[in-house]
Structure formats: C-alpha cells, structure tokens
Amino acid sequence: MATIQPVVLFFVFGVLAGVIKSDLKIPEALYKSLSLFLLIAIGFKGGVSMSKYEIMEVLPIASAMVVLAALIPLTAYPILRFIGKFTQADAGAISAHYGSVSAVTFAVGVAFLAAKDEYSEGYMVLIMALMEIPALVTGTILARAGASGEKTQWGKLMHEILTGTSLYLLIAGVIIGYYAGMTNNVAPLDKMFMDLFMGVLAFFLLEMGLLAASRLKAVMAKGVFIITFGILFPITAGLFGAYLGWIFGLSEGGTMLLAVLYASCSYIAAPAAMRIAVPDADPAVSIGASLGVTFPFNIFLGVPIYWEMAHWFHTIPV
Amino acid sequence: MATIQPVVLFFVFGVLAGVIKSDLKIPEALYKSLSLFLLIAIGFKGGVSMSKYEIMEVLPIASAMVVLAALIPLTAYPILRFIGKFTQADAGAISAHYGSVSAVTFAVGVAFLAAKDEYSEGYMVLIMALMEIPALVTGTILARAGASGEKTQWGKLMHEILTGTSLYLLIAGVIIGYYAGMTNNVAPLDKMFMDLFMGVLAFFLLEMGLLAASRLKAVMAKGVFIITFGILFPITAGLFGAYLGWIFGLSEGGTMLLAVLYASCSYIAAPAAMRIAVPDADPAVSIGASLGVTFPFNIFLGVPIYWEMAHWFHTIPV
Amino acid sequence: MATIQPVVLFFVFGVLAGVIKSDLKIPEALYKSLSLFLLIAIGFKGGVSMSKYEIMEVLPIASAMVVLAALIPLTAYPILRFIGKFTQADAGAISAHYGSVSAVTFAVGVAFLAAKDEYSEGYMVLIMALMEIPALVTGTILARAGASGEKTQWGKLMHEILTGTSLYLLIAGVIIGYYAGMTNNVAPLDKMFMDLFMGVLAFFLLEMGLLAASRLKAVMAKGVFIITFGILFPITAGLFGAYLGWIFGLSEGGTMLLAVLYASCSYIAAPAAMRIAVPDADPAVSIGASLGVTFPFNIFLGVPIYWEMAHWFHTIPV
Amino acid sequence: MIIELSGKKIMNNTIAMKRFEIVIGIEQLEQLTELLDRCGVRGYTILKNVGGLGSRGVRDPDDVLMEEENVMVVLACKDDQAQRVVNELRPALKGFGGMCLISDCLWLEGPAISY
Amino acid sequence: MIIELSGKKIMNNTIAMKRFEIVIGIEQLEQLTELLDRCGVRGYTILKNVGGLGSRGVRDPDDVLMEEENVMVVLACKDDQAQRVVNELRPALKGFGGMCLISDCLWLEGPAISY
Amino acid sequence: MIIELSGKKIMNNTIAMKRFEIVIGIEQLEQLTELLDRCGVRGYTILKNVGGLGSRGVRDPDDVLMEEENVMVVLACKDDQAQRVVNELRPALKGFGGMCLISDCLWLEGPAISY
C-alpha cells in the first residue's frame, strides 16, 4: 500500500486543531488567495503539458468523459431520495455536489503521481473544469423537475456556472499555460505556479481540516447513511471513472485522475450554484457530506485506491 | 514584432472577468500584499544591480533624468486644458498622473527585457522612485496656480509624496538590495524577491484587469478625447524618454526603461497625492484614463514600441 | 564583529516608516498569514533535521533545557517587583514574557547561522515550542500567588497555552517535517517552507518594525528602568543559556540558539496567555518592553553577542 | 434638551427626521440602493460583513463555505421622504427578507445637506 | 407619520418594538447569543470588528498585538420579549462589561417575522 | 415598559440618555476622538470600513483605488454631556462633512459606568 504523503498531514492537523478548539485560524483573505492560486496553478500546469499535443486529437475523448459525468448525479439521486429519504431538493443538490469535482482532491492526486514520477495527460484539467457543467445542470433538473414553487432561474444558474471563479480560473490558467508552453515562455512563471504548488496545497489542506472539523457535528446529526454514502458512492464512481479512463486509452496516471474526478465532490462551486438553483436545499447537509466525509476519505484512502484500480485495469490484457 | 509575454494575458483575463461579470474577486489584503511585494522586489533588484557601480558616477545623470520629468506635466497640461476642455483642477491632476510613473508598467518592461536577456542599468529604479516628486509638484502647481478656494496644503502634500508607500518601499528596497549586494548576502532573499517576481506580477495584473474593467464606463463617458490622449501622449513622452536615454548614454535596455517611465502614468501614488493637493479634481477621470487606457496600451503595445524606439536611437551613428 | 544581515534592515525600515508617519501599512491578513508560515516553516525545518537522530537519545537533555527555563521568570520577577517597583500582576506578567520565547528572534538566529554555514541541532525547535509552558505557568504563579480577587482560570490558561497557535503550529511543523524526512518526501515542500523562509522573514520584520514604532511611546513613558532591564536581562539570560548549552554538549550553533531562546521574549503567545491568566496586568508595558526594547536589541546586537558567548564557552578546554 | 416628537425643530440647530435601519442580504444591496435612488434619497450609510439570526436561520459572513453576508443600511431623511421610502420598501422587503426599523431622530445641522 | 410611543400600531404597516444595541467583547459573544436564545429571541444582527472606548480603556480591533475586538448586536423585539431580555441581560452585563442601549422603534411589516 | 422622554429614570434599572450616531471620513477620526475627549466623553463605539452616499457622492471602502472610507461612531451620554458634544461637534462637522444623528435611549444599568 502506498505511503501517505506528508502534505495530507496538514489536513489532519487542521481537523485536530478544530477538535481540540485551538485558536488557530486561517485569515479569510489567505484562504481565498490560496484557492485563486491553486486554480490558476492547476490550470497552468495542465495548459503547459497540453501544449505538447494536438488539441484536436484529444477533444472527442475529452468531451465524452465530460458528458458521461452526467451519469454520476443520475446514479446518486435515487439512492439519496429513496434510501436516504432526502427531500427532492436535497437529494438533487447533493447529487450535483457529487457529480461535480474538487480541485483540491485532484491536486492531491496530482501530487501522488508526482511523488511516484508517473505521467498523466495534461488535458485532465480541462475535463475537470468542464465536468461541473453537466453535473450541476443534471443535479438541478433532478432537484426541480415537477417541483412547485418559484421557477428555476436557469439564466442566472448558467451564468454562475460558466463565469464562476473555479471554472473561469481553471480555463484562464489552461490558456495561459498553453500559450506559455507554445511560446517557450514557461520559465519565469513556473517558480510560482509549479514550485510552490505543494506548499500552497499544504496551507490549503490545513484550512480544509479546520473547515471539515467545523462540519463534523452536522455530519454526525445525519448519522450512518451519510457516512456510508460518502464513502461507498465515491468508490463506485471512482471505479466507473477508472473503467472509462482505461476504455478511452488513458495512461495509468490519467486513468487514476479520471477516477479521482468522478469520485471527488465539490464544496465550493456546487454550493454556490445550488444556492441559486435550489435555494430550498439545505447547504449544511451537502457541504457536510462532501467536506466532512468524502473529501477526507478521498485524500487519505481514495487516491491510493483509485491508483490501484487504474493499475488493475491496465493489467487486463487487451 | 515582439511576441506578447504570457504574464500580460493575466491582465486580459482580469478585464474579461469584469466584462462578463464573473464573481472572480481578488481579496483586498492580497492586492495590497502584492503591491508591497512588487515595490520592495523592484527596489531590491535595482539595488542589487546598483551595488556593481560607483553610485557617485551615475548621480548627475540620474538627477537630470528625474528633473526633466517635470516637462511631462508641463506638456500635458495645455493639451488637457485647451483641447480637452478640462477644468484647471482636472487638467492639473491628470498632468500629475501622466508625469508620475507606474511601477507595474515598469515591471512589465523589466520582464520584457529579461525575456530578451537584455541588460539595463539598475539605477533606473531609483529614477522611477524619484520621478514622482517633480511630476506631482508640477501637476499641483498647474492645478492650483491662481485658483481661488482653500490654500494648497503643501506641507501635507510633501509629506504624502515623500513618505508615501510607493516611494518609501522602492527606496527601502534599493538600499537593502544595495547592502545585500555589497556584502554578498543576496542569496537567501533572492528566492523570494527575484524568483517569484513574475508570478506575483501575474496575480497583480489579473487584479489590474479587474480594476480596469470597473473603470471602463467612466472612460467611455469621456469619449474620444481621453482615449486619443491616453494613447498618443505616452507615445510622445516615451519618444522623449528614449531620446534622453540615448543622449545620456544609457544601454538599449536602459533607454527603453526610461521611455517606459516617461510614458507610464500613475494610478496609486498620484491619486493619493492629488486627493490631498487638488481635492476638487475628479479622481474618476484621471484614474480612468490612466488605468483604463494608458496602462493596457503600455503593457501590450507601448513596451514593444519603446523597445523599437530605443533600438532605433541606438542605431544612429554618433 | 559579525556583519548585520540584510534581512534585519527590514526591521529598521519598518521602525523608520512608523517614526516618519509613512502611510505604509501591512494588511492584518498578511501579518497573520506570515506568522502562520514562519511557525510552520520553523517547525518543519527542525523536524526534517530531527529525522536524522534517534529522538529518544535527545529527549532527556531537551527536557532538562525546557524545565530549566522556569528559572528565567523566577529571576526576572524580584528585579521587576523590587527594583522596577511594578505591581505583582505586572511583574509576574512581564516575567512570563521574558521566560517565554520569540520565534522570530530564533529565526534571525537561524538565519545568522545559515549565513555562516554553521550546524545546529534540529531539536532546538522542539525546545522552543515547549519552553513556553514552564515560563507561562511560573509567571502566572508569581503574578497570582497570594493575590486576592478572582481565582486564576488554570483550566482556561492551560488550554490556551497547549492549544495556542504558536505551540500548535510549531509542533505540527515538527511532526510533519519529521515524517517527511523519514519518508524522504521533503522535496516538494521545501520550495515553500525552506526556500522562502528568509523572504517571509523580511516582510515579517518590516511589520515588526512598524509595530515596535507604535509601542515606542509606551516604552518611553516607563523610562530608564525598562530600557535597562530590556537589554541587561536578556544578556544575562543568554549567558545562562549559552552556559547550559555548552554543559549539555550542544554544538556551537546549538549553544548559540539556546542562548537566543533564553534571551528572547514573547510578544504574541505570552500576551494571549496573560490576558487570560493575569487580566489585571497592563499588556502595554510587557509588550512595549518585549517588542520595543528587547526584540530590536536581540536581532541587532544580541544574536552576534550570543554567538560570541557560545564560541567562547566552546574554547574552554574540558 | 428634551426631544419632542412633533416633527419641527426642537433642539437648537437640529432637524427632526426619521431614521431607517435596514438589514438585508448583500445580494440584494444593489436593488436596495436603486430603490432608494428612485425614492430620491440623497444619503445613506452602508455597513458590510454583517451577520445575524433571522427567519432564514443564522447567517455568518465569516463562514467561507456558506458565502452568506448581510448588510446594514442606515438612512436619515425627512418625514415626507420617509413615507415614500416606506411605500417602496415594504413590497420589496417581502422578496428580500431581512428587516427594517424606523425611529425618530434629530439631524445635527452643520455638514452639507445630504438628506 | 408621527411616532406615538404607546406600544400599539401607530404608523401604517408598522409594529412598535424595542430596539436593543449591545456592545461587548467578542469573547463574550457566544454567551450572549446563548442568553438571547434562552430568552426566545428570534432575530438579531451582529457587527464584528468593532472598536471603542469604555471603562476598560481603548479597544482597537486593528491592533494585531492586543487582540481586542468588540461586537455590536442589534436586536428588535416586542415589549414583553424586551422585558425578558432586560431581566436576563442585566446580571450578565456585569460580568461582560460593555453597554446596552434600549430605544423605541417601528418594525416595518413585510419580510418574514423574525422577532 | 413604555419609554417616557422626560430625562429621568423611566424603566427599571435604566437611565435616560442621548445617543449620537456620527458618520465621517476615516481621515477625520482622530480629530473627532480628540474632540470627544475634550468634551469629557468616557465611552464610544467605532465601526470602520463603512461606505455610503452623501453630498460628496458615493464612498466605497472596497474600492482599492479610491481609498475612501467612512467610520461610524456611536456614543451614549447624559443630557448635559450631550449638550457639550453638540456645541463642539457642530462647527467641526462643517469641516468634516458626514452626518450626526441624535436620539433618545435608555442605558441598561449593569456594566461599569462608561458615559
């Protein structure tokens, strides 16, 4: 079994600080600055490595992987609605969270591969950026279909999804990285966006730990179902992602990252979108499940498991 | 024509985010931290490279270049007053902005030279720091001479100019860099102030783009004159700067940077000074012209143009 | 005499900015972010180098050095109470500050050794983290013993000391650094926590200068005693620390760092603890002495002096 | 110096006015300021980063994940203006949530008129 | 539109209420909100990062070394509720320090009831 | 629990007072606190990072280029003190701009006296 990376220990110390009620606090401006950094840096890195392929070649495969991500909320919804007994609004909103992705989980996956010196396809970043769209739209439809009450604000929702900070900065990072790669000008920017990546991730994980700790109560209140769901669902989604990655001929690293994307769930972009699209859903539940259960599971156990999955598929003789 | 540097694309994405009303926001504390960084880093870099000359040798030339900067507002004022039909206060205040300098434009110029591996004189930073003084004083005189109303608060103004963050940190950076250079102790500080320079500039330009977008309406309201002025005036001032640089025997890189300094205009130090010295001027107009027109022009087209100017002068046989 | 390091000039420019009333300001979020960084980085660095010894071997020596730190407030208290004529509360609180340590002074000491390429024991960081405990407890006892009024909130105080940000992040950094060192995974994190250390220290010292300047008035009001105490006491404590370091067989660098720890005094953790434990003490006095007198003395003169002390002891033939 | 609530000058150099104190979510601030502009209001004060408890539960601007923030708008105006504000604000508040308190106050004359 | 202080409806679409304005140190905020919960209060507004002068001297939230911060809590409720708050708050404030001001106000009807 | 505006104790454990609510630019805050000190005021509360609209147009503390910021100062004091504050403040406000509202309030007895 793969060793735990030092960087994820920062998450542990964040949670612990919350639990023992340390006065440790991450200034809000730092948290926001770090997430800007991570989004740009992830995009930039992906863009630089994308500058080495023919984009047009990968486009159809990438699009397929994005579109198929709509299956995730479609699978999650009935489980949440009929086994979990959530309201339609909550079940739809949680589905949208699980269909959407977590850039930080992705970053932990990238760090995992880097520690192993494993190759992965740069355009996985693009897939990450675009996967939000089908997931959030599908989740919203599930939450609102046939529901009475105010009409869904589709215009506002699509604006939020398409211009939201996460998608926007990832894409901006990809384009700038791509341009820098094409014009051989990566050099002066990499000191920031590549060299410091892991250190910034460390700080961010510390804060994520604090935030997760602050959500523990909300998770506990929902009991066994949400914990079970928050662990079993990502494993299943990750398996599906790994399978797709293998089918589509990704490298082992890329296969694992696709599994991570399918398995990870959002706690920033999705809540923002759901506030607009499904205002009657309770954000405490979806954020609690996403950040309090699935996120820690993914960064500690999920990532190594998805790696094993990717590895296993790649040993299947074709 | 020289290629556009990747770092300036961050400005483009900042403007675009503003235009499409993305919820992208740079925390105020980050913006302020980045500008502290840039000022210190620019000063430090200049100081380190100054430690390689005899300071006394360059002092007379440097002083001349600083004093001659007073000609910029003297030229801008009549154009603004009589062609642009601005009030005396506004014309004077805008003149002060254009006589003053933009450290970020300078930084883009330095990055441009770095990408070309071109040498430039380190003491250009000192000139930048000091150029504010004659520009702001001249602009204030133009704005207030003969004007009725409250008396100009010269004491308060000079205090603001001389102890303002920009001038202070540039000079502090120069002195510390000079000392570090002389004592061969640059090494541990360069990882921060030199290696990260470009990455910090990237973030800063993203925010500048957002800020510029928020000023577009104010610029549009002033119409054709301000756009024409905001482009033609810096070209003229830049040409004058390039001519002076060549006359004074600067290197090609130094000549170009002097052109950049003469062409660039302020949107931080000058507004602060003008608030005190010319409270009846409308800051929206001067910041709009400076940040909405001249700044983008300079970083995209101006810098390569001033480089061509510098190059052209240096091909003149002496 | 050793040369002054460039990084401490940032402190000078911070003080100067305060004195000339520059509008230079460090955003609060930046100050807090930088101190999080410094604590983690100091811990991490120590942890990495600790991963190279057998921890169990050093534990007894380290514990002795921690416990003996309780002697510092015990020495300071009678001087403050009977010569300085402070109230029991103030004398106790100031003793606690001087028994406690300043991570930034320690960092300047580490930088001093780095510039000289001198070895020091990594576990000094652990000593620093733990020294707070006996110092703050002893100081509180001194301040409250026999005093009437509300009962000391020992539970709350111990919680504050043990879970306070400083101790917590230092220990977290040590553990993560230790783990990274053991598993040979330091590499991606060192770009942040080691390479940028000096640059971050520079910014932090700039802010410390501003803060010290804002305390000058409070110090002056207390006159000659506090200045004399603020200089002579750390020299004495430092001598004691150097003696102990030598006795315990530390390297010259380690001996010097122990002197620095004994000599330095707190202005962050101690005030927080004293607010809870000794609410009737005036924080302006203790912070003024600590930050306005002892801190600058230590980083400019103290550090080189403690180095000479360490050197001198090590020339004694055993 | 007793304040009489009769709407005329009652203390030297003061003018009787109405004070509004409105708390709403920041996402509605633009709509509110536009509404106030439409009413011809010439001055108000905005405090951001406000939290609280209300019918929608706790709203904490420091919770980085929830992104909830209230704003408080304080507004002094004359009685006739006040009536106009009340008429416009009441229906709008139904959509906004939040609250609006109204009380009497005196405006100390001196600074430029901005009411 | 004259405000009469008789405790009944006095302006169209408004309800007479009491307005509390409490300023305490942030370290006591949790205790205060628990106290208000106990009194059955259903709405209040919290402003953080507040400074001031009082019996304990100057408190400046911008002073990074002193770590002193006040909060202001604004609270509108009906008269009977107000009496309960007064009864609970008075002894607590002795420990807290700070201040509490009470005044009359009108609640503009419209938004969901949160008092 | 009806508040009578007669300046004497009217509710159990409360003292009738005047409440000042002053909004000015942050650049004048120091002058204002000095003025209040001169009047013998012993307590006030300061809220920073305030924006608003007034005779000088919009002032937005979040606009990093304009560097405009208002502060709100809330102050409770007894009637005689209040008169002194009014006398000093009125001329000063002419230079400052901004606004000052005055109203009646009750001070809940309990904490240390800081008025």
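Order as written gives the chain letters A, B, C, D, E and F; numbering starts at 1 within each chain.
One rule holds for everything that comes next: a contact is a pair of C-beta atoms (placed from the backbone, for glycine too) under 8 Å apart; a residue touches a chain by one contact, two chains touch by 3 or more.
Fair warning: this is a prediction, and the values are worked out from it, not measured in the lab.
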What does the chain connectivity look like after leaving out chain C?
one piece
What is the shortest path, in steps, from chain A to chain D when you may only step between chains that touch?
1
Do chain D and chain E, two copies of one chain sequence, contact each other through the same residue numbers, with over half in common, or through different ones?
different
Chain separated most widely from chain F, comparing mean CA positions:
A
Could you quickly compare E-F and C-E and let me know which has more C-beta contacts?
E-F
Taking each chain's centre as the mean of its CA atoms, the one lying farthest from the centre of chain C is chain D
With centres defined as the mean C-alpha position, give me the chain B-chain F separation in Å.
42
Using mean C-alpha positions as chain centres, tell me how far chain A is from chain F in Å, no decimals.
49
Which positions in chain E are in touch with at least two other chains?
5, 47, 49, 62, 103-104
Sequence positions of chain C contacting 2 or more other chains
27-29, 32, 195-196, 272
Chain-chain contacts, ordered by label, are A-B, A-C, A-D, B-C, B-F, C-E, D-E, D-F, E-F
Note: in the complex, chain F contacts chain E through residues 1-5, 11-14, 17, 19, 33, 41-49, 74, 76, 103-115
Chain B to chain F touching residues, read off their complex
28, 31-32, 211, 267-268, 271-272, 275, 283, 287, 291
Contact set on chain A toward chain C in their complex:
3, 5-7, 9-10, 13, 17, 20-30, 111, 114-115, 195-200, 202-203
Quick one: in the complex, what on chain C touches chain A?
27-29, 32-33, 36-37, 40, 159-160, 163-165, 168-169, 172, 175-176, 179-180, 183, 185-186, 188-189, 191-193, 195-196, 272
Report the residues of chain D in contact with chain E in the complex, numbered from low to high.
5-7, 18, 21, 23, 47, 49-56, 62, 70, 72, 79, 82-83, 86, 89-94, 96-104
